[in-house]
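In order of appearance the chains are A, B, C and D, and numbering begins at 1 in each one.
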């Protein structure tokens, strides 16, 4: 199935990904990971919840950690242009038969919740509490010095279907991997905010959250984080990298939090604001797609992910096998 | 005069700055500067003209050098969402009494030309020839390894008026400097594409082009360029920097081409896609506004700029004096 | 066997490693690797030989490529303090029954050749032709921008014996890996010039040359080289890395030349001029010894190396198995 | 006067510079500067004294801050090869009529004190308490992440005489600036440990300590420090830089501590272990000598320095004027 033509006039305007809520089993351990090691800034916390933002963000949170019994990903959240677009979005999902409910979220104006066709829980809002800038308070920069949340990546059992649906929402494909034999999509990267992606889909048992990514400016940030993790008890939480993806050209590192939730630290992608930007196609058989420098990814990277609350994953019918470390 | 509320529903959609044409007196010398030293890529050239693009760009050109008798800046060019927006834009300028004419530009679909209230020549188009990606052809990376054109900065005799006009066009203010006494704007940074600016205005005799900026990923690119320029006969073309602007947080370098046209090499700004992003206000008396690290700019940086073709500059009535190197 | 006390009054003064000669089967291919890709500078060449130096070196050569039928490493060469020390050195080796011969080497004052106890061919000289500095000719910097040769690393079937011998020559151990069970050395790093090593030994079938290393200032040099190799047909020549060694703290990359000769690109070691510097001991079972960040090395890295001309390798009797990628 | 031939057989072996003691008027403020901002590690402290080391050093201290009424530099300290060389050194200075006295210094074996011909107080020792390595405890890295003390730079009223004297001590000139008219030295850089310098001399009223330098691996360390200082109240303590020296090729930053003592943060010099290394000569009139990129130094940098305890500075008779910022 070819990738769809970009939908340049979606029914409502999603500005960008906003945040995700993760259920973690030990809030102190997660704090040690996300705050003391990665360097995210706490904007609020109590015994059940920690709100975090990255250094250049002015919205109240890009990551919410919530204590729970079982590690899970909750909703992927997106910021809309304004309240009118929020209405239009709710209407859109309701019309199409998706479940929608208005929910209360601290520090956000009204928010509604729905699910995508595979069951990924999604939330939308138009306004979040704004905080004073801290991006020039260099005393606060620690760990990997994360500047902003960059994207979500999800396993889906049917990448073609996921791409078709998010295309309706106005997400535009920047790069994709096709299985040459079946002509089905293996993976796709889709954006709203002008970078390579706000949302990516990878073939596999899904829906599951593959990772959440944070943007940093240089590979040296990532090397500093590796050195820090390697010497403060987190060496086993380093999963893959550092390396350069062929796809997106990003310099990357994948790490796992204490509950196994995966984080990517990410730099070096490119600007994609042109509506006539041509998607770049990669062959599933090209190993440089995964890592430009040739090193294969570990098997865990292809197989493990976070379950979404309330969504039962199903196996993909696309049996193609990616290249993994032997 | 306070900065205007952002205009979130402009009459037409400017995606981003596109390119500028500079009149240069010695095409070979300019080629040595922009191609051999900065590392821009030639996409076409003849005895009168050189077309250049930066490493991640797929449009045909971001800079056009044209041989002429007198150094000049020609039109600042912007890319619109589509042909319909081009029509709307032409209508908008015509209705407001600005001169408009449809012009032929190689490698672009139809283009129209107008002027802003101070006489800055502007061009608009919706499509430019697309070229294959070269952003992973690392063999081609040279000089400062420029990734993309980032913004224009212009002198204007009335920053308040310029901001009001470009606000109508949908440009949103991200940061600004106010003269505390007169309450008039000294400078403003305005964006369309989601960075700190596509267009900035600085108080001074104008209209004149202060500089065109190219984006690079790390300060080390800039240090490499300084080392290269310093040892290949270009040391006198280094005007200011390296340094960090308080405004925009950018790490910067200002250099002058063989005709005196100013280029900024720029990294480290931040993402601005939120329509509710609060503009950051700076006091004209705060020297860290200019350079976070405290060093003043040289006088030439405040006084010199490129004339625009066909626009007679007039003096500013705002007499406040910036902080310059003694 | 414990590592020996440092010999602070050796019979002659070795200043530093100087250069190595490699037999390569296709001079043009090797030139493409070492000159066009790594960025070493040609100081002389003809149809049989290429002489190379790195950017901050003033000696005529740090690497000599010689055309031959079979890939081989020839002599490891060292620079002595002066001609008197050269006499003393020749006397030392002759007295101990090592073969010694005076040889003619272009661009060097008189040179003698000998072998270490395992048969590694060694050469010593006191003066080499000096060239004008090029370290500020930034136009010449290309590829990984190598600054200087840093060290040799050799397989030896008896690390304890190699360390004991080179200790007599005044090499001082900075770090070492011990097999906890046999109490035998697995590997050792020994220096003369004030860095972590001029010469290292690794347990394995030997003598064989494991690699020659070049020093660069930052990890970004290495990332640039990876990007370049990955996109100019050299991706399969990338063997291991990038990573940080626990031992030496070096940020590293291992690559193979067209004949399989291994090069390390190396940065971030530390200064070791103090004679009372305490060697750092690592346990063979500690995987962070190899890679601080936890990734194991590929099997080829432990098993493959360049044969030395005229030296028949024998197997090591130390059977301990290092940690390799599965 | 030409620079003297290197003295390759000095009467005793100075390994490297070791440390300096600075008299500061407010220990808490100085701690905020050197520890909280620069990132040096405290190895001992009480109400009168703070001992500091840099990240890769294993000796107990490279900087000693002592509370006093008047800012002053005390002794410049050097580490000798062993106790026998200490005896030889004491003998050397005594024979030449320099004052010598054995002194007690905490954490050091016996130490003697003397003065150079211009009155600079010098101390020599062979052993200092050794501390466990911390260079892989990345959690401790802060501020500029200083790796080691690199060199001292002193004003002297007679650079020729200073160079002649330190040449006797075995210091070797790597680079120097000559006044073309008088043929007198304007400045010289002299080393023992294999880098560009352990000790430099600059023409001016002296003896005074111009600065103490710390070595960092990349320019980004320096940019991080600038950002930190600029946003934590230290902006006025930034004196010069960042820039690249023509001499030594070092990327530099000069900052002043709360008492005005100057520190250089320094990276990118080169290896100098060859005894036949040719000194590089610079013309006093060449502005790239000071800053490769062309920016002149501020007047304070040429005129201000720390007085040495017990040494009355006298004016230089070499009247040549360096290039300063207008």
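Quick note on the criterion: a contact is a pair of C-beta atoms (placed from the backbone, for glycine too) under 8 Å apart; a residue touches a chain by one contact, two chains touch by 3 or more.
Just so it is clear, the structure is predicted and the values come from calculations on it, not from any experiment.
Ranked by separation of Cα centres from chain B, the top chain is C. Because chain A and chain D carry the same sequence, their contact can be compared by residue number, and over half of the numbers here are used by both. For this pair, chain B with chain D, the centres built from the Cα atoms lie 44 Å apart. Centre to centre, using the average C-alpha position, chain A and chain D are separated by 50 Å.
Computed from the mean C-alpha positions, the centre of chain C lies at a distance of 33 Å from the centre of chain D.
Contact with two or more other chains is made by residues 136, 218, 220, 227, 230-231, 292 of chain A. In the complex of the two chains, the chain B residues touching chain D come out as 218-220, 223, 226-227, 229-231, 235-236, 238, 242, 244, 251, 288, 292-295, 325-326.
Interface residues of chain C facing chain B in the complex, by the touch rule stated above, are 136-139, 218, 220, 224, 227-228, 230-232. Those residues of chain D that touch chain C in the complex are listed here as 8, 15-16, 56, 58-59, 79, 81-82, 127, 130, 133, 135-136, 147-148, 193-194, 217-218, 220, 246, 249, 267-268, 270-271, 273-278, 280, 292.
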